[in-house]
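Presented below are the structures under discussion, each in the form of structure tokens.
Each of the two complexes below includes chain A, the first together with chain B, the second together with chain C.
So, the complex of A and B:
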């Protein structure tokens, strides 16, 4: 069995920052593995550890700088990685359809049985890449998965998943493979890369691929979405202070939370 | 000369720091206050492969060098020296086994450390034998195919939680040479006649276990002798460069931790209508602390690199690094408390703990005075 995990290096903004054109000034950015992808990687590695002969491949769209981040996924147990990059991809904003087109080309080459993506990326937060990819490759999909029955998947080739819906409702769904699952944080507890894993990751493959390598051309990745402006909105905060005993304040807090729609009745 | 860390080394630093901040920082104050050994953290550290990370891969380690161990130590100690020491000391004494042990001894004593099943220690100091190591009184006598040990050891890290110890004892008292006649013997904690008494009330590194060990006719098989009979002290001396460098790295970590906390507090705290970091007196403290820490770090890296690569004798360099870095650590922790004012004097903030923890780096693995004696001896060419 082969599992493909899409991963992304995202920029994290410091508390204090300055805007530069349509982006945040590079001085205030730190790059790290997208949080949701960390959970997707962990789920794939757990699957690999539970089964026999399961290969986990991760794929990213990103410049060479992203290799350091991708190598952390290799250190956590991913077998090999593919990094797609091309001058034509070096745009302000890659829209979801473009990313899905690039990933589809990789899927056609790799033919994975299962594709895991994060629910969303922490930086541009479209929350759509996984689903768009499923649509693009014509596979079944389940979004916002917060539980996956690994034994069932290995035995039946069916992903039995819990999906997180609004208001704390959970949906149980069976999805036949091949399929795409978008993974929600909290589905597992992502491990730390072990020291040995970090050492071994240095000799694992990160295959660089250009658009041409994937049979695509610049025209295929022309984004139809453009960033026009970036600004920091005026922020307003609304704080309520409860005073009294723990019992009283807890009850007050609960009623406020219920008013705001947290938790299902 | 290559003056940058490799991508792999940067990854190690980043991941160890992340581990320390998530898994150690939230528990540090509690374990310090209650003087308890952090079993739960040890379990997680084991999953990450931290204990015995310098052991060869065949014994469960990652085969990391002295420099990488210094990087790991620095990050752990920057977050919390007490729990940091528990992790980095899990394989204390293993150097002797790695270098002089038989395959059978390595197979028996090393994998349990990296598996997290066991913790070990190095038992050298005694109540009356600290800086003067050659005055130790613990004896081991040969009786048939067993060694019989008698005596007591003082200040032994992991003493009451450890499963076995590499014990320095006198086996051949009749030998004239001051440094000969000692041997290193492994003693398991479950042998009859062995007991350990935890030492409480330490100033700092209170999560780390320290104990007095008592040997009352403790019998171990002759196969527990590590290396050569009578050569124990000379065997031990071969690792001073390595162990002193690792204490230097602990000190650099403490200084770094103190500096980071001092900097962020100085930026936050306001007096006289402005941030205290606007005052030049505070700025100069911060500048000094960071400069001296960087100097200590470079000396430590040089010493670590030399242990791994250089061929000549580096005794003076390791002693310089240990002495200087430990002085920088105590000074930086002191200034960090000062910058916190009253808030630094209570345990709501970490700097008070770092201040207490820092002092040990000037005491164990050879005191500051002993390190200076060594540096001077090397300079003046007064033999080895």
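So, the complex of A and C:
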């Protein structure tokens, strides 16, 4: 059995930042493994540990810089990785269809039985790649999965999942494999990479692939969405902000709270 | 291609969800801009009852798809595809809900439509320009769609709900799904997050977020709650980490709370969190990041380190 996990290196902006054109100035960005993908990686590794002969492969669309992040997944137990990059992919915004097209080419090569993605990427938060990919490769899917019965999956080839709906309600769904599941945070407890894992990750393969390697051309990855502006949202806030030392601000807040009857005996 | 707009309503366990009425407003806004009609689709469940509720001001036609009871994405994708062929709309508008995320991307993919998700605003000028957020609401962007047709999902709570009833035409849509292509089975629902405490009953909530850093620091915020006679709640990562039980989680997938006072400690104010607490009478935020979106909805705030401010507050209220 083969499990493919999509992992994205996402940018996080620091507290204070500047916008340069249609992006946040690079100086204020920190890169990390997407939070949701960390849970997807953990789920795949747990599946591998529970079954026999399960290979876990991760794939990313990203520049060379992303290798550091991919290594984190390798250090946590992913067997090998694929990194797709090409000048033609270096756009402000890769839309969902474009990413699905690239991943589809990888899926056609790798033929995984199960694909795990995150529910959303923490940076541009489309929340769409996994389901679009499933449709594109003609597989079943389930979005926002916060529970997966691993034993049932191994025994029956059916993903018995909980989908986390709004308001504390979960939907119980059975999905036939091959399938794509988009993984929600909290489904498991992502491990920290062990020292041994980190050492082993150094010798694991991260195969670089261009569009041509995947049988694609620049024309196949022309996004239909264009980022035309980025700005800090105008604050609609009329919040009263207390300034000063912790002692002073706490005292000011305390008097407001008392006025509201909080803490009064 | 017509200039019409097709909006897909959402319901669960017998009730239309709020976003359905917001979709009517958003869909009408778009249809006014494109110069077309607004078609609303309601798929599965008590479609006739739903159609009556959806005969709202601004709706031209409600299409009912009488097949199955609850949401099933395979049914939805097929039904929307068939309706798309029938209506030939320029835009398909869907909710950015959990179920929306489960079928909208597949609809877009199948119909080869560009997809914009989680729109908080849009304009139409021969093509769609949408406003969306990035980086956990720290920046806003405009996204231009280079296509005459588009699929878009809208964020809940951004458009007002249409509530004025008006007679729309209701059409029963003749729909025969390919049953072999319905490969996922919804087997039931489960309520989670019950337990000893009901945070939605509390008058004062002290809510802790990822800014607390370590499990053992939760106790500090608990002491503040005790000193204030308040109940402790949290954002999602605290529950994901297993530091507090699920019944303490505020937000889209947790509880919706409307206390008199909500004190957010080390919480950034992500949209899914805010969905659960924006109805609080007074919102207080303590956060080191002056750009944290929580300050946009706060009434009072301290830009400061919770590890310095919270102990002072505890002392103010004579706590231990």
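One rule holds for everything that comes next: the second predicted complex is superposed on the first by the 235 of 265 C-alpha atoms of A that agree within 3 Å, B and C clash if a C-alpha of one lies under 4 Å from a C-alpha of the other, contacts with A are read in each partner's own complex, and residues count from 1 in each chain.
Criterion: a contact is a pair of C-beta atoms (placed from the backbone, for glycine too) under 8 Å apart; a residue touches a chain by one contact, two chains touch by 3 or more.
Note that the structure is predicted; figures quoted are calculated from it, not measured.
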| item | value |
| --- | --- |
| First, second, both or neither for A:53, with chain B first and chain C second | neither |
| Which of chain B and chain C A:135 touches, first, second, both or neither | second |
| Contacts of A:193 with chain B and chain C, given as first, second, both or neither | first |
| Contacts of A:30 with chain B and chain C, given as first, second, both or neither | neither |
| Touched partner set for A:68, first chain B, second chain C, both or neither | first |
| Which superposed partner A:243 touches (first chain B, second chain C, both, neither) | second |
| Touching partner for A:235 - first (chain B), second (chain C), both, neither | second |
| Winner by number of chain A residues touched, once chain B and chain C are compared | C |
| First (chain B), second (chain C), both or neither touched by A:90 | neither |
| Overlap of chain C and chain B interfaces on chain A (superposed complexes) | none |
| Complex contacts: residues of chain C adjacent to chain A | 12, 71, 73-74, 77, 96-99, 101-106, 108-110, 112, 114-118, 129, 133-147, 183-193, 204, 227-230, 236-237, 239-242, 246, 252-256, 260-261, 282, 284-285, 288-293, 295-305, 308-309, 311-313, 315-317 |
| Partner chain C, residues of chain A touching it in the complex | 11-13, 15-17, 19, 22, 24, 93, 95-97, 100, 119, 122-132, 134-136, 140-144, 162-176, 182, 185-186, 189, 224-233, 235-243, 246-247, 249-251, 253-254, 256-257, 260-263 |
| Residues on chain B engaged by chain A in the complex (per definition of touch) | 7-8, 10-12, 15, 18-19, 47-50, 53, 57, 61-64, 72 |
| Touching residues on chain A, where the partner in the complex is chain B | 68, 71-72, 75, 191-199, 201-202 |
